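Each of the next two complexes has chain A plus one more chain, namely chain B in the first and chain C in the second.
For the complex of A and B:
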């Protein structure tokens, strides 16, 4: 949303007379234009001396605004897009794949919630190792919890190599598809997501191995330090992070997996962190927990676009 | 509203928005003196704002073709890096076994200790940990009732990090941040040395290599963690940071629970950042508290629900002679 002064180079009709007129009504940028009553503005323009020019200026700004919104799509186009692009990636963990009807879906934001040591990072590592066989993966790590040994272990379990050298080559090929980046505050994460956006825009044009999975472990540790203080910036950052992730997922056909932790709730039950404003942002939410003293984990659906919430399953890592 | 995403102060942001600058592109073609005049701020502030804005814009355009984002590493490279990582031994073979060789650098470790043996199945937890192989433990947080021996472990680690490379150690220095007044710790430092009879080091040398900070309030703690960045750039041979009772100043008389959560999670992220950037190990000592859940009392690490990013936690049981560790 540019300032009107900056638009003059592109659209010469927005010269100083138009801008002075707008400034007299408190309009300095295109955004201010949107929140003003345009009929009143047009009426004032009529009464002014150079009314023709002012009306041209107003029409120009309106056409600039028109160019900015997303194109309209109808149901058939959405269905075509879903069939062609929005596949399902199996996580490699049988219990979770059965529960979700295949795995995590491209174009959606899936959240894993759970108390500490409930297997969230392990599920992410397993999914990354599975998807990396054919696609590229970006793992954003906030707690130094990315473990390449674990990825190598998961990959080693699934193949039956003829020789150590073949196994090494396979590991190298797959693990080179996984990129890991450490971010320790939310502004760094926004930087990385912007770089990723420009990378994906170039990627959409060419073929080859494409990036299809983004993991953020964990988004709650990035948001908690800024949330809840007296200013509202924390919540704005949280919502814009959520929308940016969803936009990346839909426009560039990524599956996005994020991790959230839990806090104490009413009656001693733990509930997901980040509060009610975050609750409706992820498309699907899965609650993980671990049986004390064993390798068995439980997963239940808190929210999913096409499955009933409350369905549960067990799995073993 | 991309201005939200810039790391600038709230008042500067408010001034930018009320002057009509709501996106990064609007800041692209203005000079710092014009901006200073419009926002009514000093020229240096305006220059700062423009620098921050152009940095976040520049990161969009300068995209290296080889990596997706700047600073990312592929998993294959990380696997090879990790194999060359050194461990700091805790001088206890069993504890070292559970931790996968000792306390790892680039990681923060938390262990809890208690004197009640309510918690069972430490053996199963041990099996779980070994099934993970040499699991990289990031944050080591040691929790326990005061006096049970967690300070012992902290001091032992601060001494052991100085073992020279020839003997399998790291040959580095240590930072010890203490919240609890205990002058007898100095004696303990000296006594520890006599166990390392193979290494010809004088007690004074060992003490010289430990940087001791004493903090008296939570604001000092936050300030110190922020200062450590500069300190570590000057003293590159520091290999471990031990924080005695990271949550001590937050437990009594701290009214604002939300502030506590925010500060602790922010502190954890900063320590994690230091651990990664300077390749050092961070050991946090904590206290345990009892948690009343479902009509039974269970031990839990103090402020564990303020879940700051901890990868490995353990609670140590000691009942007379037998000492067990439970990892959480």
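For the complex of A and C:
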């Protein structure tokens, strides 16, 4: 957080008189200002000799604080942004698209939960191959499950048979839209996401191919190691990861697809991993399972902003 | 820059203005499903409940009632005609769903008044088509009165609260309407000093800008066998009776652990607990709406309200 001393170059009104006064009340940075009672501070400033100066200083910090939060929007502006930017991307799997009323939505976190081999990675690969035709995709891989052969297979199924060269060119173009990064712990993921944030900030507004899909396969293998019962640091990391993903999704118009595993719950039924604190972070949660010995999968809605939970469907990959 | 910054510390109001403000009528608000206890500006209502128990929906319902006008072009909408501010700490607000609900309420009110006149089917359709541009105008007017902000962490939240006073004054000048409703979705920060600062800021704000504050809070109910989403889904698929999905009966007291610091607990004037039950209300072939239970903890009432959520909003069952 910015120390008041560092702000002096930009805002000369925050000179040493102001800073000494603030220091006498235990305020050394902008963050301290957030916790203090500013009206009391102004009242103290009133009694001081150089009250005008001090009040100007406080007013200046207040306007700095005003830049620290997101802008206020009214309903019409929100709606316009949703209609213009927050499209729905079909996953390419008919059963899921029908269930979700179109596909996964930009600006929202969609979580795929299921026991192992329930088709979660397959759904992600299929969605990536679908979205990569026109947009860029970032795939964060924690368990070396990304398979370019599978993506090529999905693409091969849907393009018209034409010359081998044209096919090759198309494959090249689409595959080059997908970036795959291996991350093996949560700090590496934070690193990648912060770099992504700076990249997207420059990229937004420029034309051309924009990034529209972020896949994290899987987030439970990144967070479970740090979640322990004794310290709260793990939970704080988990919450900040969730909020960072939400921020990226909303501000840079990405659809985020997250994979989570299941753990045993009461009664022998499995429940999503990462506990109750994580439950409220994704916008939509889908539960996947596989019929043993066949290619048929089941998907049901655990949570969705506009659909009733419990709705189920079947699909084939 | 200097004069703009100085505007922060201009005195708020003269004595006469203060008397005007305090002596203005402060009506009681009855917002379903919180209709058992009339609420006034200055009250702080806390909605507690496990996740997916329609808490955010109740906030949205209150916001829509607040931004709709009481009477507009001859049609009564039953709203308050004031602005509402929504601070989204959960960052999960869905504006498309919000606008759907608002549209449904507008159409319902418009249809209600036209059916009272007793027109035939054709006439009412023609009237509805005539009303459409009015509906859009009204829709835009209402949406402009809904103010929304997202806070991704507690420093952003504190920054928002500290600058809210200035923002509210600007709103008053621009729109001429007061903000009457402050909605905070999900209070989940755990730091002691942050909570104290938050309570202090809101308290100060309420002195100068009387508003009704409604905040949601996620709790984990004490009962180990409380509604588990997956067992609920399994119940739908298999016919085998699952002994663990016990129905939450009306007379079961589910304790929950209070984790908010004392500063917030003493600030809250009304407390409500909402939860979803395992029952469904079969409502046509497509809709299976869950039934929710609402219980007043402060002031403690012995009744439990049942309600369900529909397209037009909350529908009280009992």
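The criterion applied here is as follows: the second predicted complex is superposed on the first by the 315 of 317 C-alpha atoms of A that agree within 3 Å, B and C clash if a C-alpha of one lies under 4 Å from a C-alpha of the other, contacts with A are read in each partner's own complex, and residues count from 1 in each chain.
Everything below uses one rule, namely that a contact is a pair of C-beta atoms (placed from the backbone, for glycine too) under 8 Å apart; a residue touches a chain by one contact, two chains touch by 3 or more.
Since the structure is predicted, the reported quantities are computational estimates derived from the model, not experimental observations.
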{"item": "Fit or clash between chain C and chain B when superposed on chain A", "value": "fit"}
{"item": "Partner chain in contact with A:224 - chain B first, chain C second, else both or neither", "value": "first"}
{"item": "Which superposed partner A:75 touches (first chain B, second chain C, both, neither)", "value": "second"}
{"item": "First, second, both or neither for A:66, with chain B first and chain C second", "value": "second"}
{"item": "First (chain B), second (chain C), both or neither touched by A:153", "value": "first"}
{"item": "Chain B versus chain C, judged by how many residues of chain A each one touches", "value": "B"}
{"item": "Which superposed partner A:48 touches (first chain B, second chain C, both, neither)", "value": "neither"}
{"item": "Which superposed partner A:276 touches (first chain B, second chain C, both, neither)", "value": "second"}
{"item": "First, second, both or neither for A:243, with chain B first and chain C second", "value": "second"}
{"item": "Touched partner set for A:32, first chain B, second chain C, both or neither", "value": "first"}
{"item": "After fitting on chain A: smallest Cα gap, chain B-chain C, Å", "value": "8"}
{"item": "Overlap of the chain B and chain C footprints on chain A, listed as residue numbers", "value": "1, 31, 240"}
{"item": "Touching residues on chain C, where the partner in the complex is chain A", "value": "2, 4-9, 51-52, 67, 90-92, 94-99, 140, 142-153, 155-160, 162-163, 166-167, 186, 188, 190, 193-194, 197, 200, 204, 218, 220, 224-225, 228-234, 236-237, 242-244, 287-290"}
{"item": "Sites on chain A touched by chain B in the complex", "value": "1-3, 6, 28-29, 31-32, 115-117, 121, 132, 136, 138-139, 142-153, 171-172, 175-182, 184-185, 187, 190-192, 194-199, 202, 211, 218, 221-222, 224-229, 231, 233, 236-237, 240, 261-264, 268, 273, 292-295"}
{"item": "In the complex with chain A, residue positions of chain B that touch it", "value": "1, 4-7, 10, 13, 19-23, 25-26, 29, 56, 59-61, 63, 67-76, 78-79, 82, 106-108, 120-121, 124-125, 128, 131-136, 138-139, 258-259, 261-263, 265-266, 268-270, 272-273, 275-276, 293-294, 304-305, 307-311, 313, 328"}
{"item": "Partner chain C, residues of chain A touching it in the complex", "value": "1, 13, 31, 34-39, 42, 55-56, 58-60, 62-63, 65-66, 68-76, 78-79, 82, 232, 239-240, 243-244, 246-247, 250, 265-267, 269-271, 276, 279-280, 283, 287, 300, 302-303, 305-306, 308-310, 312"}
